[in-house]
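The two complexes that follow have subunit A in common; it is paired with subunit B in the first and with subunit C in the second.
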Partner chain A sequence: MIPMKFDYYRPDTVSEAVKIYGQLDSEGKRPLYYGGGSEIISMARMNNLDMGAVIDLKGIPECRELKTDGDHLVIGSSVTLSDITEADLFPLLSKACGRIADHTMQCKITVGGNICGTIIYKEALLPLLLSDCTVLIAGAGHLKKVSVHRLFHQGLNLSPGEFIVQFLVEKKYAALPYFHIKKTKNEKIDYPLISLCAVLEEGSFKLALSGLCGFPFRSVRMETELNRRDVSPEERVRNAVNLMPGPVLNDVSGSDRYRLFVLKNTLMNLGKELEG
Partner chain B sequence: MNSVGTNIQRQEAWDKVTGRAKYTDDDQITGTLHAKILTSPHAHAEIRSVDIRAASKVPGVKAILTGKDCAILCGDVIEDRPPLAAGKVRYFGEPVALVVAVSEREAMEAANRIAVKYKPLPVVASPSEAILGDAPLVHENLKKYKKAVQDVYPEPDTNIADRIKIRKGDMAKGWQESDVTVEASFQLPKSDHIAMETRAARAEIHPDGQVIITASSQAPFSVKKLLSKSFQLEEGKVTVKTPLVGGGFGGKVPVILEALAYLASKAVDGQAVRIANTREEDMVSAPGRLGLEAKIKLGATKDGYLKAAEMTYLVDTGAYTDIGPRLAKAIAVDCTGPYRIENVWCDAVCVYTNHPYATSFRGFGHTSYTFCVERALDQLAAALGTDPLELRMKNAIIPGDTTPTQVKVTSSSTGNLTACFERLGALIGWKEGARIDLGNGIVRAKGVSGFWKTSNSPTDAISGVLLTFNSDGSINLNSGVVECGPGMKTTLAQILAEKMKMDVSRIHVKLEVDTQVCPEHWKTVASLTTFMAGRAPLKAAEDLIEQVKSIAAVALKCPTEDLEVAEEKVFLKQDPTTYLEFKDLVHGYQYPGGESVGGQIMGRGSHIMSQLTTLDHETGRGKSGPAWAVGAQAVEVEFDTKDFSYRLVRAATVMDAGKVLNPKTSRGLITGGMSMGLGLGSREAFVYDGSGRVENTSLRTYKVLHIGEEPQYLVDFMETPQVDAPYGARGIAEDGIIGIPAALANALSTAARTELNQLPVTPESIWNAKTGGKL
Partner chain C sequence: MFQVIGKSVISLEVNEEKRDVTIEPSDTLLHTLREQLGLTGAKPGCENGDCGACTVLVDGWPIKSCLMLTAEAVGHRITTVEGLKNAPIQAAFVENWGFQCGYCTSGFLMVCHALSQIHPDAEEIVMEEWLQANICRCTSYEEIRNAVNVILHCSDSP
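Here is the complex of A and B:
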């Protein structure tokens, strides 16, 4: 049960959505864009969210696109995680989406919602960070394309009134050899201790991680360290683990030290896989 | 016509599998108001002020209650708990105010607008902290509280609500005879029942004073009595109805929402009010499973015979006692596990903390102490250099031995534990080795545990059954037992069918309980239903048979002793072709000319617990339950020595059921217990922040075992009859859970080669125990 009253809008076009947002915002309604809505329900029923209006993006055709277009994949922000795993256009993204929440929730949660919501893990973002994809963002009077790394770096860079319309991923990235490893406390379906996505591109690998810090990240410095050939694998891993971009999480899922232990172990295994 | 020992489909099966079964909060009745609680955000704090002005202005609000509006104290053992906190809050999640409104949304909105000012107080964060001399007091007025029973001994100006002492044999002699001793400490966290149906209640007060409560409860008769007592209501004017209950596991025994629903209805002139917990409220505001800290010292001769046991159990009852003192008592009564130990010293102490409070939970304390004893036994086996299963078999309790409370054990009262261990060993292939290296850092390991359990009912607990006939000769069975999942009412039908020698499908059971029309059944708890409620239909059947025979004797013009009853007929023993059918007798017999004799035949049967005593306060001597169920369990895991993760492979239970009444239901009950035990062993635990607030109040972060993570389950039964039980059947409903966390921790301790003395056992806790937290 959501305790407060709020208005519901379901625009049919990108421009309509932006317009409604501007109008509601000026009326002081604290509007929220949303895709699946699962987080709105779970947050609001616990009094952790207070909004006067919601704008449902699922009625906008561009946000629902999931297709190949020339040398790109087009992934609409309101596409659900289960749509992504079923279409399987980007196998690493399928893997990452297939391990977020349970299947019932995967049929509700959208890729845009997973990335823009308040839950910190945003595991759908990891493959997108590795693909250096382009993000189509709508805002008041504009529709712009930015790099995924501009959209997200230790936090989401969306201005009030902006929303993600689509992710545009170069097809070649979807074809790279990949690894997906998710480690949890003790339960398959859970928040990650670590969620690791990696791809192998021209002999060196790229790595994106979630569950370690308060935000998912891709660290070029860690990648460089792990791709070195002049030191032992143990040393590479040890050095990489020292390059965390922020404080390591310490919570009910696992202590900070244990997370680092799991990361070290996982990176060692990954190294063996890559060399083997 | 055999009914006992066969697979009988449960009476409510079709309603359940088609989704048509109705639970307390399933029917939304027009005109019903909605109540919502506001809960405490602090574990321990003084309530400085409660401002309801803004909340009262929310449209649709009909009433707002706070602690001041219901200045009573509740409790089954010690009356220490106000329905709404008054003066101070003692745990995170404690109900502070109650809003009644036209809609649930409005009630929630108003609850959010109640402004409560708190002054945080120092928190009692564990039972071992609670018993320190300078610990803050959870209840300053403990000595002034009313005791609801005689045999409870709160210690004034401390956090100790009760202490049960076991003094058996001669400890000095025991230690002297011991060549080897082991000592270990254990910690088990609090957790929750996680019944699928969250608790719910509905109350209405009619203009004539009739109070009608509908509640998701394992104890509707307690609801009736406690409401009557707490609110000075004439007991006959309180009616409690309980439809099917969607899982209880002990959590639906205490009377909580029923009292709030009554207060809410009273505040709105008796209009119907419903209140239903969210999952979060059900986990933290409502009581959960006890926590435990324990110290165990065992002594044995070098050839492996146990000689002495010294044990201290600190039961974390949380902020209120509820049934906590009885949990401590249950632990004391069976504190050694099912083993022969002549010299026992045990203190089981029920301790207040600022945690959510504890109530009964499947196993009633036995799962917790069993973990400690069985882990200590494995450590003793290692110290002796003996096989853990062999050590247990050598010391398994047998007829002639005495229990910690000095009750002499008979074959009927306990069954055959040695046979259970033998069968378990064969079932899981114990001989192939407890730890097998599979290569690549993976090992497969097994752990075992024994268990026993008796009940701790009041010494005068009762149960009854009423039987009526339909005109076609079939029987209606009416009992106060709540159907909360184990198929108890089907069992009662089975017992009756067997006794009446008729088809069980011709026995119609009233599944819902209505305290106005159902004969009382104490509470549907303690694995006692088969025994207590099961003896009632046996007596009721005798009553029916006698009446059927006496009217048939008139009709057939013969003495009653020549008559026999079977298959809904009463016939002459010497000539079975001379008979009358039930349908022609049970609503009166009509002669061919039309004259009628007899009348409606109705059967009644009841049972009261007998030969039970309270425990002697100094020595613990006494008898708390009619018999024990015993068994042996094992868990097998596959463990990764590199990252400390593990997978559950197999779990096994062999128990002495006395008589297996319904094989598939019995297997299901044991398997369900094992599954819960694996949850407790591997993941279920409340986690607190530094201020005593529970951090995992939802199923996102509080995990239970899920489908896909279950091991293969092996279940087998021994059948040593309990001679005073219906068809020899022992209570088995709870028991599948008892030894499983211990067996899991034993398996993982063997696998990881380290002592795992805390629950739950997670990869992180093994990593910690093994490496001290090294990277």
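Here is the complex of A and C:
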């Protein structure tokens, strides 16, 4: 049972969604865009949210698209994690999505919801960061394309009233050799101690991580250290680990020292896995 | 644009029947199925997406009905355990002792039935991934696994 009251809107078009957001906002209804809705419902049930309306984006055809279009993959923001794993157009993304929550939840959680929600791990974002993809964003009076690195850098850069319509991924990234590993404290289904996605592109690693800091990230500085050939693998890993972009999480799921220990070991295996 | 503002009457398709219900936009599907339609097969457990006791099928896919708004379900096909009507998985659960107290059973049945329809040749690893969404406090897991194995890889499974 959800103890609070709110209204429900399911627009059919991008412009209808933006318009109803503006209207509800001006009426003081504090609207929220709604993807899979699992986090919104969980928080509303605990009275931890304050909205007067939700705008369900799943009725918008562009947000539901999952297809190849020329040399790009088009991934609508309302595509569910299980849609992604079933279609398997981008194997690394499939792997990452297949380890978020449990399978039934993956049938509800959307890729946009995983990235725009309040849970810090956002593991669906990792392969998208590695693909340097383009994000189509709708807002009042505009539909703009931005780099995924503009959308997310240590936090989400969306203005009030904006929502993600699609991710546009160059197909070549879906074909790169990849490595995915998720380590949890105990259970297979849990938030990550570390979630690591990596690809090998023209002989160099690209790396994105979740579970270490209060935000998922891709670090070019860490990649540069890992890709050096003039020092030993141990030194590369040590140098890379010293370049964390923020404080390392230190909580009941894992201390900061333990997370870094796991990271070091995982990075040592990365070269062997990807380079053979 | 479809919208539900305040208390409203909406139409759902549940177990292949059209059913009108009066809902608040903030009602969950679990609540509506149980309180409005008397379909008590979907069980409230954690109501937080953790236990799977409330699982129903939406357009053939398993969904935790405690984490779906009833309004969201408009325009989609909902199947509850009451709509399975002697599906092979139900007999397989009985024959393999796939339950004890039975509280988790309808949720497990829905996931297993969906798996058998969507991936009738599912490998063990896929079966495990799907079934990890549900918790059985009586730990009937081994028996449930046996029941699912009976219906997977059967070409005559409807």
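The rule we apply is simple: the second predicted complex is superposed on the first by the 274 of 276 C-alpha atoms of A that agree within 3 Å, B and C clash if a C-alpha of one lies under 4 Å from a C-alpha of the other, contacts with A are read in each partner's own complex, and residues count from 1 in each chain.
One rule holds for everything that comes next: contacts are C-beta pairs under 8 Å (C-beta built on N, C-alpha and C of every residue); 3 or more make two chains touch, one makes a residue touch a chain.
Not measured: the values here are computed from a predicted model.
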{"item": "Which of subunit B and subunit C A:255 touches, first, second, both or neither", "value": "first"}
{"item": "Which superposed partner A:1 touches (first subunit B, second subunit C, both, neither)", "value": "both"}
{"item": "Which superposed partner A:265 touches (first subunit B, second subunit C, both, neither)", "value": "first"}
{"item": "Touch count on subunit A, higher of subunit B and subunit C", "value": "C"}
{"item": "Touching partner for A:244 - first (subunit B), second (subunit C), both, neither", "value": "neither"}
{"item": "Partner chain in contact with A:45 - subunit B first, subunit C second, else both or neither", "value": "both"}
{"item": "Touching partner for A:189 - first (subunit B), second (subunit C), both, neither", "value": "both"}
{"item": "Which superposed partner A:92 touches (first subunit B, second subunit C, both, neither)", "value": "neither"}
{"item": "Touched partner set for A:115, first subunit B, second subunit C, both or neither", "value": "neither"}
{"item": "Overlapping contact positions on subunit A, where the subunit C interface meets the subunit B interface", "value": "1-2, 4, 45, 188-189"}
{"item": "Contacting residues of subunit C [partner subunit A, same complex]", "value": "1-6, 24-28, 31, 47-49, 52, 55, 58, 61-64, 66-69, 71-72, 111, 129-130, 132-134"}
{"item": "Residue ranges of subunit A in contact with subunit C within the complex", "value": "1-2, 4-12, 16, 20, 37-38, 41-42, 44-45, 54, 56, 58-59, 82, 98, 101-105, 107-108, 188-189"}
{"item": "Complex contacts: residues of subunit B adjacent to subunit A", "value": "104-105, 108-109, 112, 278, 280, 642-643, 682-683, 687, 695-696, 700-701, 703, 706, 708-709, 760, 762-764, 767-768, 773-775"}
{"item": "Contacting residues of subunit A [partner subunit B, same complex]", "value": "1-4, 45-47, 185-191, 241, 251-255, 257-258, 260-262, 264-265"}
